[in-house]
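The following pair of complexes shares a single chain, subunit A, combined with subunit B in the former and subunit C in the latter.
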Partner chain A sequence: MATKEAEEVYEKKVLDRVSDAFVDALANLFDKIRPGWKVRNQARVDEWKLMFYAFNRSPIGIAGAVLVAIFIIIAIIGPWIAPFSYGTSLALCNQTAYLAHPGTVVKIPKGCEALGVKPGTYRLILGGDSFGRDLFSRILYGARTSFVVMILVLLVGPWIGVALGLISGYYGGAVDETIMRITDMFLVFPGLILAIAFSAVLPSRISIFLKDHPWVGSFFLHLFALHPTERGALASLVSVIIALWIVWWPGYARLVRGMVLSEKENTYVEAARALGVSTTSILFRHILPNILGPILVYLSLDSGGVILTEAGLSFLGVGAVPPIADWGRIIYDGSQYFPSAWWLVFFPGLAILLTVLGFNLLGDTLRDILDPRTRRSIEFRLKKKPKTKEEGEEK
Partner chain B sequence: MRCKDPIIVVKDLYVNFYTYAGVVKAINGVSFEICRGETYCLVGETGCGKSVTSRALTRLIKSPGRIEKGEIYFYPEPGKKIDIMKLSDEEIRKIRGYDIAYIFQDPSASLDPLYTIGYHVAETMAFHGVVQSIKEGIKKAAQVLRLAKMPDPESRVRAFPHELSGGMKQRAVIGMSLANRPKLLIADEPTTALDVTIQAQIMNFLKELKEKENLTLLLITHNMGLVAEMCDTVAVMYAGEIVEEAPVEELFKNPLHPYTRGLMRAVPKHVGKNVTLESIPGTVPNLIFPPPGCRFHPRCPYRFDPCDKKRPPLIEIEKNHKVACWLYAKEGGKR
Partner chain C sequence: MAELRRFIIRRLITFVPTLIGVTFIVYLIAAVVPANPARLWAGGQKANQQVVEMLIKEYHLNQPFYIQYYYFMKGFLENTMVSPVTGYKVWHEIKVYMPVTVQLTLISFVFIVLIGIPLGIISALKKDTWIDATIRVIALLGVSVPIFWLAYLLIFLFFTKLGWITLSGTPTPPYSITGIPLIDSILKLDWRTFAEVIKRYWLPALVLAYPGIGVIARLVRNTFLDALGSDFVDYIDARGLPRNQMYRHVLKNAMVPIVTVLGLQFGGLLAGAPITETIFGLPGIGRFMLTSIYSSDYLSMVGGVFVIALIYMTVNLIVDILYAVIDPRVRY
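Right, the complex of A and B next:
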């Protein structure tokens, strides 16, 4: 009944049909796993459709989603579609790609295995850098570096803050004071400077650790799509990740603490206490799921921030070590040749700009759509339009 | 000693709340005992400390509140004594929801909106090792809900709190409390948020349940009608103190304390002439600066010399009828 009305009220376009079909397919899948799911959760399915519908009406959100999707696809398949490897210079095959203009064509002769490519003609679409390496390939590899750092940072850093915020908000008193004052100390110190300090200090320790535990090194090598010969360069990348963990939690601790303060006053928390539920269980099973929405939105808005900070760190020389492709590092290396070889700065800069912009636009739209209240207002606004049309026709 | 076989004994309990405005002396030397199998009622105005007293029984007082002193003994079985104040947090957690369970005022707020009714019931059982896992508990939840007279319990197990009506939610909450067959059930104004018909249903059901399960009930309410209907023994609280304690019939027939009399006059009667209801003059005292002596004396029509200087002791006037008032303390007998 409700869905029928909804179909009459909303104006559906191609994109909406696609998202509706996607939601239906998902619902059918759940229904197969757990028979009866679809009937019981019809309201939830309708709500999901509405979320997609509202999202499809937001050009900004779609633009963000497209940019983010491109970034993620490039990050995953980039190393396979890149014509050359990130570190090898074309000079190995006696080709001069030194500061080559975008669009330069190179001929790879037979009997040159060092590059790992088939002989033939290749066009350097984005030009070559000061070591005669293909800029396009390096940018593709750089996407992987940024993506992996972003995921690893966001998988750990914010959750340290979430855990501390939960504890601080729930226990209150001296515990709260202690944790929040430490958080304040981290907040007054500029994050980037602190991250520089940590990523400058950490690598020596980490390289010792990686030597002792080679499997950890191999794991990261595969994640970053690096050559096995680059094992030594891993320490600096890992230390960037750890440095970002250290500086990335205070905001979340603040956010979560505030939400816990209001959430813990609910009677269901007291009821759980009165039923003898343990504190950890109250925190992680009852309070955390109830405040998860804002945390997820904050995470999606923050993803761009991590990429930007990581690029900033390598631009300042503390992140990725030379042969590794990293957007910040490429800009730093290219900045010496800037006015003449503009492409060395322009293209990686454009990549950073579009990626961060994409994440921010997506996060902004998600915030509106994931909040039931603003979602209702979007729904209300959208529902009205076709109705006024009908009235106009009647007149 | 009033009871031969008490289930809980509270002696000289003091609870303070440390707020920015000052120290609120919320509970000021409360002593009482509840016999096994009876229904014990705490009555009094809003803010007189009924709920705080009940929460103190399992040390549920949250910061900024603190139990200053007092002794609380719990007897899960006759002769087996547990000193609640000396238990570790871990040990007291095992008593909460297992031996002593609570039903709170607002059923819609007592349920986590993210979990199904079955999960709530299962969580209680799983935490106390009654079932091995939450999954197993959910299977057994329907049985528990049937005990709580939930209509169609099999499908309600999978329902979320927002899908139920107020009365059903309260039944779910009662089901949660009963899941582990507690010995003492503390119902803190269980029907305030419900309408009158549901209130009657829930109360009848609690009465039935008490007989069937051999439960002891501590009922907290401000509804005198409910007190007359449900209770065996009543304690009247005023400003953090018990001012009178008596068997229910005795209290209604022969209220001794001026405050209890005032309360009785403020309740409409079914029979007799239409009399204008009386209210007790004045307001509940500020517990940061409680009045010296008897805390009721500024509002008391009978006050005289020692009232504003010394606190009256709770003395037994008749068998099981105790009152804290200088009117009776002096003569040591009937008025």
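Right, the complex of A and C next:
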């Protein structure tokens, strides 16, 4: 019923029908899992559709979403579509691949099968590096590295902060004071330097851990799409992830604490407490869903930040070690040949820029849409104005 | 004002514990994590056993880490702590490296204020025009661009193509008042040294400042637009005050969040310094900390952490006090 009403009230474009179909499919899925979900959450489904309508009318947001989608698709299928593996040194077979200009055609003669390359002619679209490795393939693999690091960092780091912020804001008093003072200690110090320190000292311990637990190593090898021979290089990548967990929580702790302070005064919290709901349940099942919006906006804005920081770390020589393909590391290695081999610096940097820009554009738009003030104004603009038609006729 | 004094005292009480906490955390991770630092300092695998034992005794490495930390802090503050890798006193090294970073950060900060704030104001005044759109794109690129990449592009333009900048050495005048050539040359009215300092530092400072310029321009635009929408602006308009006077009132009202973020930017500049200093060959504190991390010289690193945290916290304290000066409504 309510959906029909929405159709009448709002003007629709092609994109809106796509997003409607997506939301409906999602709602049906939830309904399958929990019968009766759709009826009970009709208002929420309509709200989601409205958010998509607002999003569809923001060219900036769509541009961001497209950039992010391209990044994610490349990160997932990149290692399969790459013409060469990230470590294949074509220069071993043909000298022309050494620091080859973008667009150079390289002929691979017979007898190079050991490299995993079939004989034939290949065009290095973005050129080759100092080992004759194809830059284009390495950038595709680099997307995977960035993406995996980003996901693993954002899956853990911010949520440590969220949990601490929830506890700190809800309990108040000495607990709050202790947690916030510790948070302050992390905030008064530039995160990048802390992350450098962590990623520089952690690998020795991590490599021992990985030796004792080979399955963890295999898991990461598959995640990063690396050859089994690169097992030794994993420790430094894992250290970067852990280092970023440690520096990525304090901002969220402060943000969430502030929101909980006002949220816990609501009647629903009191009602839940009166009904004897456990504190954990109040915090994570009642308060958390209500403050999730701003957290998600921060996460989407931070995704770019994580990619940028990770690239910065590998540029400084901590983090990904050769021959792992990592955008920051490619720039660092290529900078030795700058400016004569400019492509080694230019293209990976462009990849970082476009990805981070995509996440920032997307995050900006999400913030506007999730902010009730701006969303109401968007809704107002979206509403069909029946009067305008009459006015038109009058003219 | 009595309130302000109480506030400052309260802040100063938490000042020292926070500083101890920061250095303790960093010391903990740096000292506990690597296995057998004394062997590393003495030369790795082939280290002389006698030297290793001497180092262990000298730096109390056979004791629990909190006792090590105590001895480190004591030695550091009394200026007797010698770096086991370089052989210099830690304070001495910080004194050598610090002026470069201070100059870089100061010039960057000037760029942020002189470029970021006007861009934001223009953007707000020309809202929804192509000027606004251009400035917003510039600002958004600022927070999205990897600064090491930007640095190489600008080096290509200004060093390789135009030859306007140099990438080696730092100007040091023969006299020293504060130890920072930029400030010394202004105090001595020595404009030649001043020009040399600016010539060496303007490009790295601009690169370092760009993300901050983006953040500030966006913030100024939003707060300025918020302030322009307030009732008092209508009132000023109704009273017939000239436009430029009206903007002064608007800016004053928009100033509090801007000052907060400017204070935070200072920390951001210090944090971004390692990358910029590495690329432009500036021997600053960021570079110093990087080299000490690479050589497992964690004593020097914690010393650097101490100084950066101290500067950052002092700046934040000053910002909090500035609130009261800018906005008399602020109560502590």
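Note that in this section the second predicted complex is superposed on the first by the 337 of 395 C-alpha atoms of A that agree within 3 Å, B and C clash if a C-alpha of one lies under 4 Å from a C-alpha of the other, contacts with A are read in each partner's own complex, and residues count from 1 in each chain.
One rule holds in what follows: contacts are C-beta pairs under 8 Å (C-beta built on N, C-alpha and C of every residue); 3 or more make two chains touch, one makes a residue touch a chain.
What you see is a predicted model, and the numbers here were worked out from it, not measured in a lab.
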| said: Should subunit B and subunit C be called a clash or a fit once both complexes are overlaid on subunit A? | reply: fit
| Which partner does A:F22 contact after superposing on A: first (subunit B), second (subunit C), both, neither? | neither
| message | With both complexes overlaid on chain A, does A:L192 touch subunit B (first), subunit C (second), both or neither? | response | second
| task | Using the touch definition from the top, say if A:A271 reaches subunit B (first), subunit C (second), both or neither. | result | first
| said: Output check: A:F219 vs subunit B and subunit C. Expected answer is one of first, second, both, neither. What do you get? | reply: neither
| task | Considering only touches as defined above, state whether A:F338 meets subunit B (first), subunit C (second), both or neither. | result | second
| Superposed arrangement, angle subtended at the Cα centre of subunit A by subunit B and subunit C, nearest 10 degrees | 90
| note | Of subunit B and subunit C, the partner touching more residues of subunit A is C
| said: For the superposed arrangement, tell me the lowest C-alpha distance between subunit B and subunit C in Å. | reply: 13
| message | Quick check on the complex: what are the subunit A residues that touch subunit B? | response | 40, 172-173, 266-268, 270-278, 281, 285-286, 289-290
| query | Contact residues on subunit C for subunit A in the complex? | reply | 14, 17-18, 21-22, 25-26, 29-30, 33-35, 140-141, 143-150, 152-153, 155-156, 160, 267-268, 270-272, 274-275, 278-279, 286, 289-290, 293-294, 298, 301, 304-305, 308-309, 312-313, 316
| note | Residue positions on subunit B within touch of subunit A in the complex are 55, 58, 60, 63, 93-98, 101-102, 104-106, 109-114, 123-124, 127-128, 158, 173, 176-177
| said: Help me check something: in the complex, which residues belonging to subunit A touch subunit C? | reply: 181-182, 184-186, 188-194, 196-198, 200-202, 204-205, 304, 308, 311-312, 315-318, 328, 331, 335, 338-339, 342, 345-346, 348-350, 352-353, 356-357, 360-361, 364
